[in-house]
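These notes concern the structure reproduced below.
Order of writing sets the chain letters: A, B, C and D. Residues in each chain are counted from 1.
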Amino acid sequence: MSVAASEIATSTIRELVDANHILFDQGVVDGFGHVSVRHPDRPDRFLLARSMAPALVTEKDVLEFDFDGNPVQKDTPTAYLERFIHGEIYRKRRDVMSVVHSHSPSVVPFSVVSGVKLRPVCHMCGFLSEKGAPVFEIRDFAGPGSDLLITSGKLGAALADSLGEGPAVLMRGHGSTVVGGSLRQTVFRAVYTEIGARLQMDAMRLGPVTFLTEEETVGTTKTISTQYDRSWFLWLKAARNSAMSR
Amino acid sequence: MSVAASEIATSTIRELVDANHILFDQGVVDGFGHVSVRHPDRPDRFLLARSMAPALVTEKDVLEFDFDGNPVQKDTPTAYLERFIHGEIYRKRRDVMSVVHSHSPSVVPFSVVSGVKLRPVCHMCGFLSEKGAPVFEIRDFAGPGSDLLITSGKLGAALADSLGEGPAVLMRGHGSTVVGGSLRQTVFRAVYTEIGARLQMDAMRLGPVTFLTEEETVGTTKTISTQYDRSWFLWLKAARNSAMSR
Amino acid sequence: MSVAASEIATSTIRELVDANHILFDQGVVDGFGHVSVRHPDRPDRFLLARSMAPALVTEKDVLEFDFDGNPVQKDTPTAYLERFIHGEIYRKRRDVMSVVHSHSPSVVPFSVVSGVKLRPVCHMCGFLSEKGAPVFEIRDFAGPGSDLLITSGKLGAALADSLGEGPAVLMRGHGSTVVGGSLRQTVFRAVYTEIGARLQMDAMRLGPVTFLTEEETVGTTKTISTQYDRSWFLWLKAARNSAMSR
Amino acid sequence: MSVAASEIATSTIRELVDANHILFDQGVVDGFGHVSVRHPDRPDRFLLARSMAPALVTEKDVLEFDFDGNPVQKDTPTAYLERFIHGEIYRKRRDVMSVVHSHSPSVVPFSVVSGVKLRPVCHMCGFLSEKGAPVFEIRDFAGPGSDLLITSGKLGAALADSLGEGPAVLMRGHGSTVVGGSLRQTVFRAVYTEIGARLQMDAMRLGPVTFLTEEETVGTTKTISTQYDRSWFLWLKAARNSAMSR
């Protein structure tokens, strides 16, 4: 990365690389999907890898963008088509420090079935809205024949509106975007959104489900918020010990 | 561990470390969940790792607690928030020598669907109650806005009451707790509770299920109780050969 | 193994060890389940490991039994409780050269739901009976309070009767037993019985299923019978390269 | 391979070997299934491994065939029984440069349930026909007692007719065949046909599904067509780092 990086930026970039590898190792992303972090020195910018498979990202692949999705440096390599997801959410949500976009497989079904909502089924996904995650229908903004991708600031802003003040928004026929107040919290949420979706699917096949109350989502989120590092360092070791890291 | 440990305590601690690694490798615990064993020299105490991911536990991470959940040594590192699960069960159940608490993924759905019960679907989970595992609803004890966790002796005692004389209790929107007369038996039960739950879900989707009779639960449990070591040493080798042990 | 083994017996024993490791690596057996082969020099005997996890079996763990389940050598280690499955099937079925008993997870659900039958859903499991695999209900022979296991020659004979002339019999609340005309064919059938059961479960959830006709089971079985080695050597390499073989 | 190969043919053969390993590592093929590529120097021929498990294919196992399924060289080893799938599709479809035939497990259920169709549920499988993939019923061509395999040019031609101008055709009780304009595109489609089928099954269990519109299949396919290399090189690294490559 050619950014003249402060020490904290350097350490943030290292952690962003780890986040890429963790999200692959935990099955949240495959060849696609991406994770960004707000620039620690420049809150009007964010850090995101160049367009590539997350599992293969290294420090030198991390680029710096402004909120319009323009790379700050010149002559940068190809950027993700959907970097606008990140820029527009950072613009709208001052509290958001990190964004994960993925096609994690248990979440996609909830994006294409209008009759059900992804809801918090257990304490580990208590961060999900008790009312259910909103679903962004791109047809409402890009018409009936789009490529379903968030390839412009306008679409990114519409997605950010759909996200609202919540932690996650589903994208119809596409995937989901999860946000948080730190990189580790956001990675944690991305992993447990996938796990919670699987649990909810299994539970719904058994019968009517008792979800967390709104108060319980508050209570669990508060307690779990002290525990992110426990998962982070476990997942980091798993990613580093995996065959992909050989 | 700074405990002045007898030889048997030392060997128990080693086995507890193995149990932590096995439960992770078999998919019963992830970053969360914990396993304890009653202290072999002091039946009024139990051994449990400090608050950390089970896969990473080493001998020096094991702490000694009294039944109120107080660490015996001073200046110990942070303890699991839910150590009260262990203390209160050991207090109430003289026969219990080990306790596993987990969020194992096939069991959680049974905790949130009031119309179905987790029951013994095959001989390997014949230890489960023929009447179905009880489900602990924390709202009845902590109100509608708790964090769902067993963070006090009072809640631990209520959970122990719900467990009764059985081998397992589900915790609504949270997970389950499994007990046994030895560490190896308890680990065995935790693994096969997860496997049995998956089998039951698959079977229920096919049609009405023939579960074990009460007599069959007695018969299978008696026979299987001679076989724990077969699984233990297999799982131990798998855990030690896994990428996480590199 | 203290058997005075002919060269062909030695090579059969080696292949039986491989079969044990393959069945574990392919998810057919876990700590439990077993595979035997008819003795190549003594068709009235069979070879089977001592009571242990299949993944850990070595050549020296293989024992020789007569059809009553008695070990031929004196002072042998503990034998599998259910060796009678093997002896009674070899006694009744001259064509059977190998037997696999397992609790493979997709098959168990079909053993406990009386309204559905395991049937050949695709060409790879065309060896399954078009009429559906029989289900052995041990209550009919051992009463309502057994341990569900085939622990006597009498129960083994009843199971062999239930198997009839077919390739597989399910055992209610327990597992299944698969037979074949060679060790490799039987291992192949055990793996594809599990795969076929999973496919059938998935298909049944989509809607009414078109199974193979009886003629198609004949046609597919004939063709596939020339292909066992292709799978065998693939699975053997996978087992030998797995973490368990380190 | 004894072919007097041009430089481009040599490089094509290398890539075909990689494709074999990727398809195994991604779970599209097991011991069975095969992938071919049209000969880069001779558009009236194709390259395909000899009859063997894809995971074990090396460069010297690749053979050259004409469209009738005859090997070009003499004294070649045994060819796949179903090489006619490849020859007849290349004959009929000038645009097709590669063909994958597999029994990938989430697709087979759609081949045996006549009431449902495999359709594009998300942007990654936007290449699937909006009208649903055709299902080839071999009984219509080979009668009620075939072995379900495409073992002649006549059956290959009938399958190619069923495929029509589309990217994929399901084969009842058997598997599927996927085609594309390059080897990498075809491998990509084979992997995402499997992923999409799993997503569709999960979604259908939740409720009525919103599939992509025909316009959206065009839009997504156009965009995703620029991204195959991202997956290719990820999957290649995964395959090369896997235990099977040791």
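Methods note: a contact is a pair of C-beta atoms (placed from the backbone, for glycine too) under 8 Å apart; a residue touches a chain by one contact, two chains touch by 3 or more.
Everything numeric in this text was worked out from a predicted model, so none of it was measured.
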Both subunit B and subunit D are touched by which chains?
-> A, C
Cα-superposition angle relating the copies subunit C and subunit B, to nearest 5° = 90
What chain lies farthest away from subunit A once each centre is taken as the mean of the Cα atoms?
-> C
Could you please state the distance in Å, as a whole number, between where the Cα atoms of subunit A are centred and where those of subunit D are centred?
-> 32
Junction residues of subunit D - those touching two or more other chains = 205, 243
Subunit D-touching residues of subunit C, taken from the complex the two chains share | 121-124, 126, 195, 198-199, 202-203, 205-213, 215-216, 218-220, 222-224, 227, 230-231, 233-235, 237-238, 241-243
Subunit D-facing residues of subunit A, complex | 30-32, 51-53, 55-56, 81, 103, 105-106, 108-116, 144-149, 151, 172-175, 201, 204-205, 243-244, 246
